[in-house]
Each structure stands twice: as C-alpha cells, then as structure tokens.
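Both of the next two complexes hold chain A, though its partner changes from chain B to chain C.
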Partner chain A sequence: MQIFNSGLFWFIEGILFVFVVLGMGAWARDRGLRVPVWKWGLFMIWLLLAGFTIAFVGTSFGEGESVAGTRGGLLFGAITIIAGVGLWRVLLAGAEPGGGDVVSEA
Partner chain B sequence: MSDNESKNDGSGGPGGGSDVNRRDFLKLAGLASAAAGGAGLGAFGYAAGKDPNTYLGWQNQEGASLVFNRKRYEVDEPTYQEVGPTSRPDARVEQIFERRGRFMREYMRLRGGPGPITAESFPEPLRSYYLAKPQDLDLDILNTEELQPLNRADAMEYSDPLILSQAWSAAMGAVGPGPINGPPEVNDFPRGRGGTRPEPMKMKDPAKTAELIKVISMQLGSTLTGITELNPDWVYGYPIRGRGFEDLEQPLEIPDWWTYAIVVGTPMSWDPMYANPNYGTSNDAYSRSRIIAARVAAFVKALGYPARTHTPGTSYDLIVPPISIDAGLGEQGRNGIMITPEVGCNFRPAVITTNLPMASDKPIDIGVDDFCLHCKVCAEECPSGAIPMGDKVEVRGYRRWAIDTAKCQNFWTSTLGNMGCRLCVSVCPYTRKANWLHKTAMKVSANDPTGLSEKLLTSMQKSFYPGPDPQDYYMPSLGGANASYREPPWWLKTEDFIDLG
Partner chain C sequence: MNRPSGRFLRFFVASVILAGALAYGWTHNAPDFVTPIRTIFPESQRIEVRQGVHHVWGSGGTLIGWAGVGTADGYGGPMLLVVGIDTLGLVAGVQVVEQRETPVFWRMVRSPDYIREITGAQYNAIDYDYESVVAVTGATLSADAIVESLRVSVAEVAGVAFDVRLPLPPRPLEFGILELSILALFSIGIIGHRLRGPIRRRLRWAGQIVGLLVLGFWENSPITMAKLAGILSGFLPDPRTALAIYLLIAGFLLTSIFFGRNLYCLYACPFGAAQRLIGAIGGFKLKVPLWAVRFMEGTRNLVVFVALFLAFLTLQPALASYEPFAALFALHGSTVQWFLLFIVLTVSLLIQTPWCNFFCPMRTIELVVLDAKRWVKGKKGGDR
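Entry: the complex of A and B
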C-alpha cells in the first residue's frame, strides 16, 4: 500500500483529473454548451464531492467501520447524485438550440 | 479549433475525421479517467483506513511530522476557567484509589462492630468527606460488599475467552521502574561522586533547553511532550507516596524545585483500545510512560538538576491532566480527561517535575470545549453514568467537567477488562486514526467559528459509529451482555489459539 503514500499516486490522479476535465470540455462542445468559469467551478466542486464520497466509503471500510461506510456512502452518495442532477441541468441550461457543433453532427 | 474549422473538418473524408476522433477520444478518455480516478480514490481511502502507520503511537519516535502544529491554536489561558478561590486536592479522599484503600481498612475494622456503619463511624478525613458526599459512602460500600464478590464469581465463569488479553496486559505491565519510595528532598536530587549533589550545568537558553528536552523525550519514546510552569493547585495537599506511612497524614509542602513540569506520554495500543472494556489495557501505555519518565528524569539529573517522576497508575504527587493541558498538549473533555489533537483521549501521560530552566508551552484551544458541549457521546455510552450530561461545575475554584469517579470505578470493578473500562476513550470522536478523514474533520471543527460543523460532525458520529447499548457492557450477572465497543484484533481472540474445551 506504499503507493498511496507516494507522490506517484497523486501524480497519476492528477493526470486522470486532467483527462476528466478535457473529456468534459469535449462533451460540452459536442452539445454546443457554453461553460463559463462558474460552471466549471461547480463541476470541480461536484468532482470533489464525488471523490470525497468514494474515499470516505473506502476509508471507513478500511478502518473496519462498515456501518460508517454504508450509511455515509448512502448519505453522501445521495447528495452526490442529487447534486449531479442539479449540475446536469445547470450545464444544459446553456445549450444552444439544435444541439452541438457540426463536428458532433458529422 | 473554431466552429468553421470543425465544419470543414467534419466531413469524414481523407484527413477530415481527425477532430471527431480526437473529441471522441477525449470523451472516452475522460470517462475512463473518471472511473480510474474514482477507483484510485476508493483504493486510497481503503489503504488509508487500514494503514497501521496512522495509529500514531510510541513507535513513531521521530514522528515530528505527525505532531499537530499547535502554533495557531495557542491561547494565553487554558479553556478551563478559574472562577473562585482555589485549593489543592486532598488525595486522601479525592483520589479514588487512595480513598478506597483507606475506606477498606476502616470498613473491615468497623464491619465486625455493633451498630450501623455511617459517615460518623469513620475517622478523619473520611468522616468529613462522607458527611459531605454520603452517596460516595454508599458507592464505596456497594463496591466492597457486592461488586467485588460478584466480579470474582464472574471471572470464574466468563474470563476464559479473555486469557490472551489478560496475558498481553500482564506482559505489558511486567516491566517498568518501581514506585518512588523516598521523599522529594532525598529522591529528587542527583548523586555525584561521594554521594554529593553535583553542581547543575549552566544552560544557555531556556527555549533551546525546552527544545532539547522535547527531542530527547521523543527519542526516549514519548509520542507527545509539553512543558509548563507547575501550578501549585494541581499538587496534592497530602502525599500518597514517598513518605513513611505516618507522614502521609502531614500536609505535602511543595518543594521549591518543582518549578516546571515536563509532560510525556504515549497512547494505548489502538485496536485493543477500541475493543474496550474487555480487551484493552492501560498497562501498555502506563509501562511505556513510566519508562520514558524515568529516562527523562535520569537525563535531567545527569545535567545536575533535581527531577521527580509522577507516573501511572498511582505513583503521583499531583494531578496530571490539568498539567498536560497547561503544557499545551490538549484540552479537557467532557469525560474529564485530556483530548489531544493527535490521539484524542488515547494518551497516558506522566510528569517530571524539575527546576531545569525551560521555556513553557502555551495552552491550546482546538475547539474541544465547544465540541464537548454538543457531543455527549461519551456520556451517552458510559454504562455507569459517571460522565455528566449537564454543564461544567466548579471544583476547587476551577470550572471544568467533573466525572463521578466512584460510579466510574464501580463499573470497571464489575467488568472483566484489564483493570479499567476506558470506554470513554474508545468512543470519543477525537480518538481516531490520523488519516485524511479524521484529521480533516478535526481541523474543520477547530477552525469553524459558527459551531455548525460541530453539530454536523456530532450527528455523523452518532449515526455512523454506533456502539452497543450501554447496559450491554455490563456482565450477564448485572443484566448485561459483556459487550465490547468493537471487535478485538485477531491476535487477542483466545478461541482462535487456545482450546478452551
């Protein structure tokens, strides 16, 4: 488990995070969405929330606190999903009529 | 890439599909990365939860990086308050072991005599104490007449599954410096050649000396070390050791070389501690703290200064928790003991008194005082009802949390745990692993001026980390189920190693 205490793990997580952001950008362009900075901010917060939920569940089970893992997972998971739905609607609120750009239609 | 370019490149003809592919690739990569990143975080969390290195303990002798940065939480006054004329504690009756020892001697003498045994039957200082606190006389009699015989019978019936735990506790308690038998004027001073007192070394700077003592004590095994000027109010009014039996009735004059207090200590082993009251032991941390204190005292004496150790379980001339709080190691919790930012209540301190000139640490305020107002987990989980659900009270001129030590000891007399209960240590939300989750929660609580996080964290604590019903901690003979807060570690499960027949 030494990998998780190393810089390498967070370096890899950082690369994956960059790909998530790039993928999100590509998806938004496909849909013709305008994503101003504040929406990116919301997206980052949601990612943080999702990451926290996953890490909370993992940590709790690692500690042997399965009740905390289950209840916390359900609670934070529900919050993450509801927030995700809200975020989805906020993101789509900027969609241009007719969908994405020509590339996505090609 | 602009929209126009996209339109032109989007035909799918030779050389024209690259943007579509690149975008699709990015979307796919983003999705895969989200899955991989999430899985990584889950695995990281699991590893963090399992990691034994997040059990901050005696083994981290050079673990300065694990020690909480107290600087920004330093305050001028500790979070208990001086509210009236103060006085020193009378250990003869206020120290539970000392009082019950005296009670037993007198009670055995009185039991054969005529008439009922009342507070008036006892000599001073027990008489005055029991007249002021008649409920403690009832609890002391209950302990002697009912709980101890019951416990002996329970031990015959139920202690086999605890053999490994008891063996481990015995092993931990097998080594350690003996009690101090000499009075301060004899015991505390170093001996030079020919038995004369050596001249103390001239130390250059109190701040540097404090740093030296801290680093030396950590090298000697202390997990946390703090230094404070000794408040005389924490020194017992009467000695309970280091004098002849007759001298114990003479007031203890505080020697003028008890200027400073060095507080050292270590946590109890974590996994057994969570399995209190049955599987934990105080002996492990007691033994380590005694050894560390003796070593630090030897170091100080080797510099030519007097030093006296005050160590667990009962070899004290003073009360250790408030001194530890004065030394900036933590704050007092509702359960009456000190809560540190690193190991919560899981800390068994010892003190070395000396006049080696050192810079004092400041007390800290990490929000424990406010947190304990709302939390009450320890009070709710305490089977004996010894921990108050109400507010702080004034004790000898100080406003602080005060537990009912007679109720407390009566419960752990009734259990089969290793000389103690320690449940209030196990259930405290601050007594958690030093991993990202609990460190973050602690810092959020310490830095939130609104108090909202305290309420939220308390709710989460109660919902996410439930324990058995308090009554279940009692033995079956007292209507309980002999429960433990958590499962013992695999190496203390007797039935996996020993054929119990």
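Entry: the complex of A and C
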C-alpha cells in the first residue's frame, strides 16, 4: 500500500481534515449554535480520537495484526462513538429553540 | 392451594437437569495423574502411591523419582499440578493436571518460561517469585494458584522423600479496600433502598461510581458466571483469600430475599454502572417492545442454562463465563467478548442498561431466588 506513504495521500488527508472543520463551523452556523473556543477544543480532540481509531485499525491490519486491529477497533470505536454522542449533546446544549434547519425562506 | 408459576416449574425442571449434569461431571471427570507423571519421567516403568506421594520406578526396579500433587484455588476452581522430583532432589518437570481458569487469562499465565526456569532447580531452592509475571499479565488468581499448588506439591515430596518439612507460608485473611468497599456498597444500598427521591438517586450514583472504580477498573471483581458456577459445582474457594466473592454473593442473595430486589445490581455492579453512565451521556431512553423484551429474557435464561449445563458436565466453571467484564476492566477477552462489549456499550447510549436487562445471568439467578421465595412464602401461607 504505497499510496499511504505518498505525499499525495497526506495532501488529500489534509484537505479532507480542513473540510471537516469547515463543515463543523457551517453546521453550527446553520443551526444557530454558539461554539466557543472550548467547544472547538473538544471537537478537535474528538476528531483526533476518531482519526486515531481509524489509524489504529488500519495500521494494525496493515501489519498483519488482525486480532489487535479488531479488538482495538472495537474498544476505541466504542469510545469514539460514545464520546461523539457526548460531544453532540455538548454542542447542542444552549442552542436557541427553533434555531437553524431553515431550508428556504420567502 | 398455592400453585407454582410456569416459570418456577421451568426453573425447577432446569435445576433437576443441571443437578444431573453436575452428578455426571463429578463421576466422569476424575483427574489423570499417570499421563503427566509419565511425561515428566519418560523412562518410568511403574508408578505407585505411598504416603500420598507418587513413587516412580524405572527399568530394573530402580527408583527414579517422586511426583507430588498440589492443589490451590484458581479463578474458576481448584488447580491441580504435578511436580516431579528426581532422586538427587532436582525438579524434573511440572505438569498442570487440571485447571479451571478462563481461557484468556490461562493463555497469559501458562508461560512456559517459569516452568522452564524452575526445572532443574533443587527442591528446597525453588524461586516462587511468580508475582512478577502476575504484575505483567494481571491474571493474579491463576498465577497465584500455580505458585501455591507448586509449593504444596513440592512440600509433599520433600516430606515423604527427603524427610524435610518445607513450611508453607501462612495465608492470613485478606480484608482490604475491596472487601471494605463491598460492605460499604451494600450499606449504601440498604440505606438508599429505604429512601425516596433525589437522595436515593444520588446514593445510587455514588455507589455505582465506587463500584465501577473499585470492583471494576481497580480489582476487576464483579460477580461472574465462572465464579458462581465454580461455587455451585462445589469448588468453594478459601474464604481467607476469596472473601470478596463470598461477600458479594451473600449480599446478592440476602438483599434479593429481604428487599425483593438485589442491591448488588442496583448499587455495586461495575458493569451496570458503566452502562448507566453511558446512558446518561446518550440521554436516549428508547422503549423496547414487550415481545422483544420477552424474547430476550427467554434467550438469556436459555443461555444461562446452557452455560451452567456445560460447566457442570465438564466441571469447568470457566466455560460458563460469557460476560465481557474482563474486556472492559482488564482489557482481556475473546474476540466474541470484545464484540459483545462493543455492542453493549454503544447500545447503552440508546437503551437503558441493555446488558442488565437482556443478557446478564444475575438477573436470571435473581428471578429464580425471587420465585423460590414467593413459592415458599405462598406455601407457608397455604399451610396456615
């Protein structure tokens, strides 16, 4: 899997990462959410955790450590999902009622 | 006249079948000492038990060594080990005859290095420092059982063959933070059970968080099917070293009988606490349809029955252990247990304590206890 060691892969990875962060900002604006710095911090930590989980599974399987990949993936996957749901609730806390989700307006 | 419920009848029939399986297990699982002794002494021609020690003769009727059998409590029951000592007093080999450890932990402690290290050592100069391995693996009970049964078997041979009395280390009553925490948790439970409102909720949270930290992540000592099946099989661990499990089971049974709900699950169970905590993070409380609840409860009861049946039939209590507790609290488990852990933890976000409601064997045991109590109570009322 030479692609993973290439500059192109990491270039695309960086672009995607930026899109995720920009997407998060856009989503919060659409919903009328205030996202202070500490919430951004939590989001970034979660993003790193999710990235770590994917990387752990990927590298483990890549190195032929399928058992470690499976078990680590299940453990970190569960932690990432649970932390993601917790983060979701933290981000939505304090949202203005009825704010966001407007698709079109006359 | 008091008629037993259909469920109670099913439990009764299941108990009869399980008793049969246990009887079979005890009569058909006699340990074989000859094969391991022949493995240690390949040149052996005749093996004879004298004064409780196996004497081994080679060709020409020459005594070539002795084999001592030692036993100690492991995780799921007693471990039986044979140590061979030659006529020079050197350890010729060690063989585990029987063990009832959970496979994952057994794979870790079955380190051949330790056995290799002590092979060839003088019988009175064996290094029993297996604790360093324990510290790495975390399989304390299994490793302790190896060391303890080794000490016992060597002492047996030393006494008979060399007329040397090797003192066994004293085994004081282990009463520490774990045992204190268990007593405190049941006390909190009893107080909480009598209260209502937010104080009760806070007490329950306090108890569960202590349970999660002490019984879970620190000691990994929740009640498990393996421990329960071990005790039901007749393998009663030494109360001096396994006081915690006696306290937990006694608390579970007594509170079920006296309060109509076991307070272990409500206030002490670390896995229940983990699910409840995740449920609080998720905030969802999806209602499961009644038919699905009934189906899952029936499946759980069947799984508990099959697990106990296999454990009794083979006298291997560890076979009954299907819980993913060790995967969460000690990061050890089979792949199936890891999958189960993932499912339970993520579903806990949506459904309240799914393991407790649909998978936990303790719920089945609690129902049996409560049905039996109801039946006895009804019978007494009917007799009056």
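Things to note:
Throughout what follows, the second predicted complex is superposed on the first by the 100 of 106 C-alpha atoms of A that agree within 3 Å, B and C clash if a C-alpha of one lies under 4 Å from a C-alpha of the other, contacts with A are read in each partner's own complex, and residues count from 1 in each chain.
One rule holds for everything that comes next: a residue touches a chain if its C-beta (ideal position, glycine included) is under 8 Å from a C-beta of that chain, and two chains touch if they have at least 3 such contacts.
Remember, it's a predicted structure, so these values are computed and weren't measured experimentally.
Of the two partner chains, chain B is the only one touched by A:A50; chain C is not. By the touch criterion defined above, A:G41 lies against neither chain B nor chain C after alignment on the C-alpha atoms of chain A. When the shared chain is aligned, chain B and chain C each come close enough to touch A:V67.
Contacts of A:R89 after superposition on the shared chain: chain C is touched, whereas chain B is not. Between chain B and chain C, it is B that contacts the larger number of residues in chain A.
In the superposition on chain A, A:I81 makes contact with chain C only, not with chain B. On chain A, the surface touched by chain B in one complex and the surface touched by chain C in the other have residues 67, 71 in common. Remark: chain A residues 1, 4-5, 9, 12-13, 15-27, 29-30, 50-51, 54-65, 67-68, 71-72, 101-106 touch chain B in the complex. For chain B in complex with chain A, the residues that touch the partner chain are 3, 6-7, 9-12, 17, 19-20, 23-24, 26-34, 36-38, 40-51, 433, 435-437, 460, 463-466, 486-487. Residues 278, 281-283, 327, 331, 333, 335, 338-339, 341-342, 345-346, 349 of chain C are the ones that touch chain A when the two sit in their complex. Residues 67, 70-71, 74-75, 77-78, 81-82, 85-86, 89 of chain A touch chain C in their complex.
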